[in-house]
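In order of appearance the chains are A, B, C, D and E, and numbering begins at 1 in each one.
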Amino acid sequence: MSYFIQVVVDGLSNGAIYAALALAIVLVHQATGLINFAQGAMAVFATFLAYALTRAGVPVLLALLAAVVFGFVLGALIERGVMRHFEGGDPDTAVVATIALLVLLSGVSALFFGYEPHPFPSLFPNETIGVLGAFVSLRSIGTIAVLIVIMVLLQLLFRTTKLGLAMRAVADNPQSSALSGLPVSRLLMIGWGLAAALGAIAGVLVAPQLFISPGMLDFVLVYALAAAILGGLDSPIGAVVAAAFIGVAEGLAGAYVDFIGDDLKIAVPFIAVIVILIVRPQGLFGRKVTVRV
Amino acid sequence: MDKLLASRSRAVAGLVVLAIVLVMAPLVSSPYINYQLSTIAVFAVAILGLNIVMGYTGQVSLGQSAFLGLGAYIAAYGVLNDWPVALSLLLCAIIPAAVGMLVALAAARLRGLALAMITLALPIIGVPLARRFSDFTGGSQGQTVRWLEAPGWSGLANDQWRYYVVVVIAVVAFALARNLVRGRVGRSFAIVKENEAVALSMGVSPYRTKVLAFTIASLLGGVSGFMYLGVVQYTSPETLSFFTSINLVAAMVIGGSASIVGTALGSLYYVLVPLLAGQVNSSRTALISGVILLAVLFLLPAGLVSLPRRLARLASSARRRGHPTTDPPAPEIATPPASAPSDAPAKQSPTVR
Amino acid sequence: TREEAPVGAGEEGAASPGITDDSVSIGTSSPLSGPTAGPGSCSVAGLAAYIEAKNAAGGFEFGDGNTRTVEFTYLDDAYDPARAVSNFRQLVDDGMFAYVGALGTPTNAAVMPIAEQQEVPQVLLMTGATMFSEDPEAHPWTTGFVPTYAAEGRAFGELLADADQPVTVATLAQNDDFGESYLRGFEEAIEGSQVEVVASATYEPTDTTLDSQVTELAASNADVLLSAVSVTPLQVGVLRKAQSLGWTPRIFLPSNTSTPAVILQPGGAAAYPAVYTPTFAKNPNSPAFAEDEDVQAYNEAFEQYGADIAPAYTPHCAWSYAEGAVLEEAFANMEEPTRESFMTALNSISGFEAPLLLDGVTVDTTQEGEGAVSTVELVQYDGESGFTPVDGY
Amino acid sequence: MSLHFGGISVLDAVSFDVPRGSIFGLVGPNGAGKTSLFNCISGHYQPSAGSILVDGTETVRAPAWRMAKFGLARTFQHPALRLDASVLENVMLGAHSWMPGGPVAWSLRLPPTRKREREARATALDLLERTGLGWAAAMPADELSHGLHKGVELCRALLSRPRLLLLDEPAAGLSHSEVEQLIGTVREMRREFELTVVVVEHHMGLISALTDRVVVLDHGAKLMEGTAAEAQSDSRVVEAYLGREAGADESA
Amino acid sequence: MSLLELEDVTASYGHAQVLHGISLSLPENGATGLLGANGAGKTTTLRAISGTVSTTGRILFEGRDITGLGPDRTAHLGIAHVPEGRGTIGQLSVRDNLLVGAYQRRDRKQIATDIDYCLDLFPNLQDRVKSNAAALSGGEQQMLAVARAFMAKPRVILLDEASLGLAPSTARRVYDAVVRLRREAQVSMIVVEQNANLAFSVVDDATVLETGRVALSGSRDELMGMDAVRRAYLGG
């Protein structure tokens, strides 16, 4: 029993890593209608700033704040300098532009810090506590707590604030939104900025475990994408729930199904995601896109 | 009409020149150049498949590398079991096509990102599967072959022979694909991309069309896997990695979405940019490729294929500035107001400006 | 036909391509971008540092009496076999004499048959995969440099088997050739002893954490954990996770993931009763070797010629530096400016003490089935930033 | 026939019969369910209950894309064209249902496919010419103004050689004289292709001039059926739909 | 002084120029109509004003040059544009669409009242406040687009075929509301309308465009008195 609980707990703390990035993906998708493949690279870039600061002796919390601000500016600048150029064009081109950013930002990070992973100090104490016969690290608990707060804030942002409404409107129909007086370009900038700031938080939260390197989130991005899409892409809650589901399903499959084993356990959540999507194309918490003839 | 004929004969001349270049190139180049040219042909076919499903039919696919890898593994298995080359090629086309079709049968009801998610799973699951079935795939060490060596009668070197084999396959694939996207089927792809409701009303089943496009894409992916093995003589789980898929997507868009010529240019890009980056500074390839990718997107958002068009535009707009390009004839229906000013001279009260 | 013929093979005794009276051209291709770029860059940087420092000091003495400078070209393959092949062909096309020290199993596996066909040396590879050294007859142009993964595993197995007492072991291995060879070596060595593997798990290098694997292994409560993990953050995660589960076995770590500063200290390795690792080279960053002459020479050369290529240290930096010395030794014994002569010279080195190699570790290219360096020494973590020799299990 | 979306009832037991060869009008206030009714006939919506017979064949269960084979074609309330493609290419799509050959035949360009392609092209150009759009055939569709898109859609529908043509607000956005021309075109086409036409329109002038009979829908239910003139004088229709002055205005 | 003044305005899509020097003026609290065949450039003229097409020449609003300002800026200044075709934000609910229309406003209470007013004006929308705009019928979407422009409390409203797809009685109601808006809130308007009967019932004067140029302009009565105009637009 306690083994089972341990597997679930481990799955949840893995899920937290995926969720952190998935939330940023959801945010940028809500605000711009795009999938941003550079989300991870941007997060890493901002996290490197925090890394440099902590190396210079700045406390982690301050470094985190600096990274968040830097992330916001970075996101806004990228929107302004790069993505704006592709707005209103073929969305595929815009998505490939984010791929270009992914490559480019990884390259820039590597220029300064190399590709080798570096240890990163944790925001939370490096201790473990026992819960229900399982061991949980305080870092995981802290990460999950922060994520839940962010999730709730995002949900509130999109569902109850004027800014959130405006961002959704712009993502859906920028022309009509502009005609209604929405400052489209500023809103897009804010959307990218917020997503990148959130990415910075995600980066700082997971870096102690993953170690910081330019490719730190490359593969996490795949899981995060799966979580965001499974959750419904417009639902922060959905993203978090889906990420937790993916983490736990993977862990349980590896632990309990022998023929799957550690190598193929990744297939289990992905196949589950596929099956769920075939039944519910809008994802777990997503709202159906209305298309009329 | 004259114009049409002129542009036609220009196209024919272009094709003839291209054919001559393609035939002569390997005879005068080093094995290294031939290898590069052959890889361009290999990835051109993979990107061609991707372009059919994504560029023409509008269905995002992040799984093309899985079919490339599958094809390469089938070919490698064929080499180890002494299959005739033609049989290998056939199976490299049929098996991936069948797999792609099965996936599409389940997935093609979805659209957009849900569909992208499913294709994304293919390489993610494919890599550990390839490691798992190491009897068939050689596991993580991969599969090394000596294959497609030049027969004695040809008097060619291996690299030249391989070049001809893959270029012939690629040319055939491109010719067939070009025909396909020009006619009835191509129009059904396009309308499924644009608007599924209209597709339905015109007798096009979006579901079948997507399945078809996926099947063709996987088939071409598999064929490119065959070519890959022929050229690289090696395959391993790295071949089907997810990041290969992403790079193929980028190359497709860079070349030109929904364009046959663009596909070839995209492959050129896919192969040459890493080389170029390596020439500039091997330690900074990511940075350099990122910059090049962004720069091309900035200058040519519609892809490399739009370069001549853009240059022509620039030139022509410089020549005849201010002249509208297309002037609809004064619509016959709306004649009254059109003639109103002349009918009603200035003495009439309305201000005629 | 053209390609079948070795590139530039000419009449007997004529110089091979890439070598003149005063220069020789050496090339390599390693992952310099992407997730494996850390080790990849280091396997270029150390070699570059050695070569350039030597060039600056006048050049390399060759067995034919000439002194030549080495032109070293390196390319990035991003761990992609097709790009490695492309790089290799490009280098050959540009007149490379020999291909040295490339890192990566699939990439080198893809290059191997071409090197053979073209009779271009593909030597001192920075991979412990057995396929590059197990059959010199079949692959006469290819040699490995670092100890095979199996050799490392074997060292651990022997340590346990020699202890002559019942020991339970849990293994965690990368699901590829690295992990498999590691375990194979280990299992061969414990055959017939009282050592028993009671739990085993594998992982993919792309996994984000190995928590679930460690949880599974911890359930066995084995005495020893053999953690054949080659990815730095994952290895640290393993060390942290096991102790957080209250499981503190003796730990065996591979040579490439046992750097104190990057792995052992962040992983809290001091909490374990003992942490062993095989090693054959000095860690130039370790205070214990601060006074060592080789280390000082390395640091100087690296600072000047290598730091740009590899900003962060991995052991591959030191290894590839030592490799430079092996190359020099081969050059010194090379009687003719040909690839054949180079291969002969390279394959007859034995008892050579390369810089940065630990005392007692020598280079021996004459043994079949092993890399140029085949002796490893087990050391034990001292709880701080260094290692002490192992005094038995 | 009935149609529900969740709790909302869009069509409520509507029945009517369109005689072969007639032009039939469907009018009613906004949101009455006219377009939804079209969608049911063309198979885009699945009616919750009821049946639809085309030429005596039940079509409710048939997938939408088969409807073109039954000889059905439609236009959309919001014209849906491929904006990047030429007008001609857009119209050519209409020929899909009767062109032979699958992917193999087309990628090999077998002779029958080439012949049919030429044939379709000629017909498409002819249709464009006759609707006054011949000059635009080679232009990309997005360079045409909104009003002209309707004409392109009509040509596309006609190229599919329909027996039954559903037109959803064909006159929306056309000026008076353009409507006149449209009426002429539809009449001519009906004669030539032996079409049966069902048309949804708010332009009462067009309805009066064109239709043999009309059905008036209101809130998903049939309000009345009769000739256009009868409808316009029916007090319920005036009340629910035309509005007093407007009714007077339009029938002028 | 006129509220909105177009001087020799040209506009082009990419390289195709479609307006060739339009001049137009809209007085304070005025209402002017734009007539013309399909493709004459009516829509493009409105786009030039709201800043959604690339433009040269001079467009003055309250004496201030607004040429080249983006749509959000012109909207901010008080120009509301009801675009041609689907002008709604499909995946937002009807209510959210109306709130987006009121984005520039700060008077919360009044916004709520105005939403009620709009829903009252278009009872169809009342029933469907919570559904996504994309689910609405064509006419309902058109109502929503008009209502959203109302919500902005504009100084000038640009109506591009606002009656498109509306039932006759509804179209009448829209224009009645527009007239009331003009009377009560001093809103000026430019009306593009194929249904010239409707248009002439609200405008004071009108301009006829032809292939991107002004063909003629004059007061409502002058134009209605012209045979050619009557034949083309009024069917009389």
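To be clear about the criterion, a contact is a pair of C-beta atoms (placed from the backbone, for glycine too) under 8 Å apart; a residue touches a chain by one contact, two chains touch by 3 or more.
Since this is a predicted model, take the numbers as computed values, not measurements.
> Which neighbours do chain A and chain D have in common?
Intersection of chain A and chain D contact lists gives B, E.
> Going by C-alpha centroids, which chain is farthest from chain E? Tell me that one.
Measuring from the centre of chain E, the most distant chain centre belongs to C.
> In angstrom, rounded to a whole number, how far apart do the mean CA points of chain A and chain C lie?
Distance between chain centres, rounded to whole Å: 36 Å.
> Return the distance between the CA-based centres of chain B and chain E, expressed in whole Å.
Here the centre of chain E sits 44 Å away from the centre of chain B.
> Using Cα averages as centroids, what's the distance between chain C and chain E in whole Å?
Their C-alpha centroids are separated by 73 Å.
> Which residues of chain A are in contact with two or more other chains?
Those would be 106-107, 110, 218, 263, 266, 291, 293.
> Listing for chain B: what residues touch at least two other chains?
In chain B, 128, 131, 197, 285-286, 326, 328, 331, 333-334, 336 touch at least two other chains.
> Where in chain E do residues touch two or more of the other chains?
Within chain E, residues 16, 35, 37-40, 135-136, 231-232 contact more than one other chain.
> For chain C, which residues count as touching chain A in their complex?
For this pair, the touching residues of chain C are 33-38, 40-41, 175, 201-204, 206-209, 211-213, 215-216, 219, 232-233, 236-237, 240, 244-246, 262, 266, 268, 310-314.
> Along chain A, where are the residues that touch chain B in the complex?
Checking each residue of chain A against chain B gives 35, 37, 82, 85-86, 89-90, 92-93, 95-97, 99-108, 110-111, 214, 218, 222, 225-226, 229-230, 233, 263-264, 266-267, 270-271, 273-274, 277-278, 281-283, 291, 293.
> Using the touch definition up top, name the residues of chain B that touch chain A in the complex.
These residues of chain B touch chain A: 54-55, 60, 106-107, 109-111, 113-114, 116-118, 120-121, 124-125, 128-129, 131-132, 197, 242-243, 246, 249-250, 253-254, 257, 284-291, 293-294, 297-298, 301-302.
> List the residues on chain B that touch chain D in their complex, please.
Going by the criterion above, the answer is residues 176-177, 179-180, 183-188, 190-191, 194-195, 197-206, 208, 212, 216, 326, 328-329, 331-334, 336.
> State the interface residues of chain C toward chain B in the complex, per the touch definition above.
1-4, 32-34, 41, 74-76, 78-83, 85-87, 89-90, 92-93, 105-106, 109-110, 112-114, 129, 131, 175-177, 180, 204, 206, 308-309
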